[in-house]
Amino acid sequence: METRTPKNVFKQGAISSGFIGDSIAKHQAKTSIGAHNIFLGQVRADVIGGKIVSAIEFTAYEAMANQKFDEIREAAFQKFELTCMHIFHSLGTVKAGEICLFVFVSAPRRKVVYKALEHIVEEIKANVPVFGKEIFEDETHQWKKN
Amino acid sequence: MRIPIKYFGLIAEITKCQEETISFSGSFIFELLETLHSKYPELKNNGFQVAQDRALVTVETRLTGEEIALLPPFSGG
Amino acid sequence: METRTPKNVFKQGAISSGFIGDSIAKHQAKTSIGAHNIFLGQVRADVIGGKIVSAIEFTAYEAMANQKFDEIREAAFQKFELTCMHIFHSLGTVKAGEICLFVFVSAPRRKVVYKALEHIVEEIKANVPVFGKEIFEDETHQWKKN
Amino acid sequence: MRIPIKYFGLIAEITKCQEETISFSGSFIFELLETLHSKYPELKNNGFQVAQDRALVTVETRLTGEEIALLPPFSGG
């Protein structure tokens, strides 16, 4: 049984570029780091059946999702020699052009960060119970598929 | 047994609620699903996975009384 | 013969987190983008023979380097379906903990950005005439090897 | 032929200058390198690549009179 409480990965609304810049700045004190790799998921204004996606509204099974994020994080630290790792995912409405997923890995040397980042992002997409509702400009919607 | 059930995404649209507690006499997930399919016939046309106590389970899993969740395809990020 | 003038990739001194945040923000208007991938090279305070690296001083054969960066960029646009790509490299002194390389790729879908980013960073490391002089705290130095 | 030559990194430390123009009567890169090795004996102990007109060349390449550069191992990023 998992007893430790996983960190909360979710943030209400879009993830701002200022928040991302600040996260990068915080790593300047960690002078053993030689390479950072960052993935950002951005909401696309897809055209589906002639209608344009204006936003995605994210919901999640939060307790299970935070546990999954925690498992993904722990497994990645086991698998890859990383100095640190941060994951943030939006909940609620994120407009087209805004950022809804921010994954940030850092390591002494670069070779490991490429593989680690891809692995973590793919794990998130496949295994974390988050649900995106694509809202069209006419306020109809459809459920996003990854 | 009283079983708390959570619904998400498209599934919550079909059930028109995000959670409820169901009184139920069966022992397995597949028996619970039969009950839910009767209550919400539209569920049959939609794929979902089932979690018990925040972990995915198969339909042959025994119910423990802990929280069940019906999860449509994940689409995070 | 190459007639177009390549963009200048070099920036004097460290690349600030604010600059990176602003670059991210500028992409919000490009709503066909679904995924960004960013690589950041950070100067490590390596300990070499008991002495600590306090900074790297970068020089480059600028004319050839900018031409190489341009070739790498054009080849990557041919090879990968990218919406945009930005490369910045520091010249001059960059202190330990500061950022000296910023590579930023964006695409409609995520699968392509991992491969594209790794490819571009490895090409830069292998083929661009930039030279790093590792300055120790006692002001002696050695030449960096990749 | 007068050939402009640029030196970088460790190589510029050895030559104690970043660029110079050399008057020279040979036709090939390897001949130019012989001249430079005589002028800067310490060059022999250090690996470098040669560029002519901003493109890497081999020692068998013919000199065109355009800018030559002696490039130690690249270490950007």
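Letters are used for the chains, namely A, B, C and D, taken in the order the chains are written, and counting of residues starts over at 1 for each.
Methods note: a contact is a pair of C-beta atoms (placed from the backbone, for glycine too) under 8 Å apart; a residue touches a chain by one contact, two chains touch by 3 or more.
Just so we're clear, the structure is a prediction, and the values are computed from it rather than from any experiment.
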{"item": "Distance between chain centroids, defined by C-alpha means - chain A, chain C (Å)", "value": "23"}
{"item": "Approximate Å spacing (C-alpha centroids) for the pair chain A, chain B", "value": "26"}
{"item": "Length of the line joining the C-alpha centres of chain A and chain D, rounded to whole Å", "value": "49"}
{"item": "Contacts with two or more other chains, residues of chain B listed in rising order", "value": "77"}
{"item": "Multi-chain contact sites of chain C, meaning residues that touch two or more partners", "value": "41, 110, 121"}
{"item": "Overall pattern in which the protein chains touch one another (line/ring/star/complete/other)", "value": "line"}
{"item": "All chain pairs that touch each other", "value": "A-B, A-C, C-D"}
{"item": "Partner chain A, residues of chain B touching it in the complex", "value": "6, 8-10, 51, 54-55, 69, 71-77"}
{"item": "Touch list for chain C against partner chain D, complex", "value": "41, 58-61, 63-65, 67, 89, 100-101, 121, 124-133, 143-146"}
{"item": "Complex interface listing, chain C residues touching chain A", "value": "17-18, 20-22, 24-25, 27-45, 96-99, 106, 108, 110, 113-114, 117-118, 121"}
